[in-house]
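Okay, so subunit A shows up in both of these, paired with subunit B first and subunit C after.
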Partner chain A sequence: MTVLILTCEQDVTADMVVARLNATGVPVLRLDPADLPGGVQLSGEYVHGGFRGQLSVGGRLVSTSGLRSVWVRRPGVPAARAASASASASSWLTEESSQALYGILRGTAARWMNHPDAAARARHKPWQLHLAQRTGLPVPATLITTLPQAARDFAERFPDLVVKSVSGTHPQDPPEAVPTSRVAPGTDFAAVASGPTLLQHRIAKRADIRLTAVGDRLLAARKAVAADADPDEVDVRFARAGAPWEPVGVPARTAAAVHAYLREARLAYGAFDFVEDADGIWWFLECNQSGQFGFVEIDTGQPISRAIAEWLAQEADV
Partner chain B sequence: MRLFALDYARPAEQLEVSAPYAYDSALQLNVLPDGRIAAHDHAVLRELGATTSTAGSKTHFDD
Partner chain C sequence: MTVLILTCEQDVTADMVVARLNATGVPVLRLDPADLPGGVQLSGEYVHGGFRGQLSVGGRLVSTSGLRSVWVRRPGVPAARAASASASASSWLTEESSQALYGILRGTAARWMNHPDAAARARHKPWQLHLAQRTGLPVPATLITTLPQAARDFAERFPDLVVKSVSGTHPQDPPEAVPTSRVAPGTDFAAVASGPTLLQHRIAKRADIRLTAVGDRLLAARKAVAADADPDEVDVRFARAGAPWEPVGVPARTAAAVHAYLREARLAYGAFDFVEDADGIWWFLECNQSGQFGFVEIDTGQPISRAIAEWLAQEADV
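Presenting the complex of A and B:
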């Protein structure tokens, strides 16, 4: 039984897991949907009341009935590298390729990390906040609005605010990054009317926490805020290197809430971001259903790639 | 009117650094010029930031 990994070739984080699987003799088929059609081929037939399908890439051929799990890591857009005559044809080919690949895979008994339906829902940050609240994780006061007056009222109640992207994406034209940033007192909120804006009460943090959940396993790491850190540097992804990530235990209540979150979200993998306040409380910021883990493993030595490999190596549900 | 959040945007970092490894389709892994598996060389990965939480931001938002 084979582990199917959907990711791009440059994904060296996926390599950490592929190497683990290789070491334990678990067959792997790695492909990038961007290479379908072309480098990746598929075929499936529904006859006599049954289904037979196969995938191939680079001379490897796997029957879809022989898949034990599918890891959706960093897949390219289906057909992205296919030659096509026009943009509309390209868009259509992408949809055709996406439906063919993911549609066939959805019909297999393979276990997913993560299932596309669960992943699509889990990407919605407002839904993440809702689910975190419902499962008992502390959530900073947050407002998502297009109403300038609502923003002003919120700023009166919570004067120390940050602004962040609602979607977690970054503008591409031109390419820009939108780090979580502090909002200065007296800021004019008129531009909130131009698009949904997420404002959040800033938690004065003494550390960032990255909790990586793999199945039932929780591996948490903590990065202390330096005493001389710039208080305006709130987004750890964009902060200067500072202290390394270090392993940290997960408080029992947090662990229970995270398990409930994963159950309800139907996620096999999640990278949770928290900030720890002066009282030691972990405040939920977000859960990235395909968040990076390599940097944490490299700093802490935590066996995240091994945990993922072990989860993927379990046999498919029957 | 410019979006409120974009007042806090900064130019995206160009991550198009040429990586000292290449994908080997036979191994299904990226390998260094000396044949070693790139993922086993943490120094290289640190230097490139290839596994960090902004590494995939350009095309993926799950970082």
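Presenting the complex of A and C:
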């Protein structure tokens, strides 16, 4: 039974997982959907009420019934490297290739990290906030609005606010993260009428927490805020390098809530971002279903890539 | 409790359903996501572990906790009518507005026709074929492939073939359906290596069947093939106007399989296309989760819009 890894060619994090799988003798098929059609070929047959599929990469043929798991890591856009006469033909070929590849893979009994349906849903930030609330994770007071008066009322109740994007990532090429920023006192908020705005109560944090969930295993890391940190540096992604990430235990209540979140979201992998306040409470900011983990593993020595390799290598769902 | 209808301004089919709802006194809020931000405003608040949302259209304010159902009919692209400085700003505003609107609506307990997650999944044609097989609907022998030899082997076993697109619709503006065509005998199939191709055994049909499912209600219509029809006219969408659509009963086995399909797909609405062969067997071609029904209602007099209005008007899930 083979592990299928969908990722681009240059992916050192995937390399770490592949090395672990190779060491234990688990067969691995790695491919980039960008190479379909071309270096990657496929076939799926629906005959007499049954389905049979196969993938071919570099002359190696694998039956989809022989896949034990699929890791959707950093796949390229299907058909991205195929020659095409025009942009319209190319977007058409991408859609055809995407449906063919993922359609055939959907017909297998393989376990997914993460299933495309769960992954697509998990990208919705407002849905994340709601799910976090329902599963018992503390969520900072948040408003998403196009109504200036609603924003003003919210700012009166929660004067210390940050503003974020609703969707997370600016759709540039390459996509660009939008930094979270503090809202200046006395802001008028008239401009929220021109576009949905996410305002969130700023948690005075003493640390950032990254919790990486792999199946049932939770590996958390903590990065303390420097004593002389600028309180305007609210976004850890854009802060100056400071303290390293260090392993930290997961409080039992948080662990139970995270397990519930993953179960309801049907995610096998999730990278949770929290901030820790002065009372030690972990406040949920977001869960990235395809979040990077290499930097945490390097800083902390936590065996995340090994946990992923072990999850992918399992023969049946546990 | 209000029925929310997401559709564009010019939608006579939605008008039919709105008229029925108005006649029974059920409050209706109709909006086009293209008008957000602008004519449509919204606000959603996540505070103290709870969620409260509101929508505002033309000065009318509705709490999302007061929504009994949401009909995703023919919604415009969010923010499509908002002024924007550049194409990049516009796609960004669309993503922000889409996440804000659907994110807030996902936080409600309303019943959906159809839920965005179910709708997104249901658009995958290969997934449809697989689900149809599993729920017991007869599916014509089908191959999706980029391997010329697989196509040749398939054509030897099933010499009478049609070719279709894998994804269904050509991504033009406006999108354009790609007609299904017969494959000429002796075709070489070398070209399938350049793009995934869907080949399907042609069913010698004596009628086309359109089965419209609304909740648990199934309304089927049949359009007989003219005696002098050209056998190359395999795609009913592009055939000459012939016999009208006429109501037809649904065979018990088909009804059971369709109910199972909808249940597993989590769809409240589906427009199924079948072809009927000489033995009276209905062969599954596809299920369009947002398929038009106006033309069937006009031809047959079947109360589809009434069934939709009744489903939307229900107070709780049945």
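Brief remarks follow.
The rule we apply is simple: the second predicted complex is superposed on the first by the 307 of 318 C-alpha atoms of A that agree within 3 Å, B and C clash if a C-alpha of one lies under 4 Å from a C-alpha of the other, contacts with A are read in each partner's own complex, and residues count from 1 in each chain.
Just so we're on the same page, a residue touches a chain if its C-beta (ideal position, glycine included) is under 8 Å from a C-beta of that chain, and two chains touch if they have at least 3 such contacts.
Predicted model only: the values in this text are computed from it and were never measured.
In the superposition on chain A, contact of A:165 is made with both subunit B and subunit C.
Judged by the touch definition given at the top, the superposed model places A:191 against subunit B, while subunit C stays out of reach. Once chain A of one complex is fitted onto chain A of the other, the partner contacts of A:65 are absent, as it touches neither subunit B nor subunit C. Contacts of A:314 after superposition on the shared chain: neither subunit B nor subunit C is touched. Once the two complexes are laid over each other on the shared chain, residue contacts for A:295 go to subunit B alone; subunit C is not touched.
In the superposition on chain A, no contact is made by A:90 with either subunit B or subunit C.
In the superposition on chain A, contact of A:16 is made with subunit B only, not with subunit C. Counting contacts by the rule stated earlier, residues 165, 167, 170-172, 193-195 of subunit A appear in both its interface with subunit B and its interface with subunit C. Considering their complex, residues 36-37, 41-51, 56, 79, 82, 88, 91-93, 95-104, 106-107, 117, 120-121, 124-127, 129-130, 133, 139, 141-147, 150, 154, 165-167, 170-172, 193-196 of subunit C touch subunit A.
Residues 9-10, 12-13, 15-16, 18-19, 22, 28-30, 57-58, 74, 76, 123, 163-165, 167-172, 174-179, 181, 189-195, 197-198, 236-238, 271, 288-295, 297-298 of subunit A are the ones touching subunit B in the complex.
On the subunit B side of its complex with subunit A, the touching residues are 1-13, 19, 21, 23, 25-26, 28-30, 37-40, 42, 45-46, 49-63.
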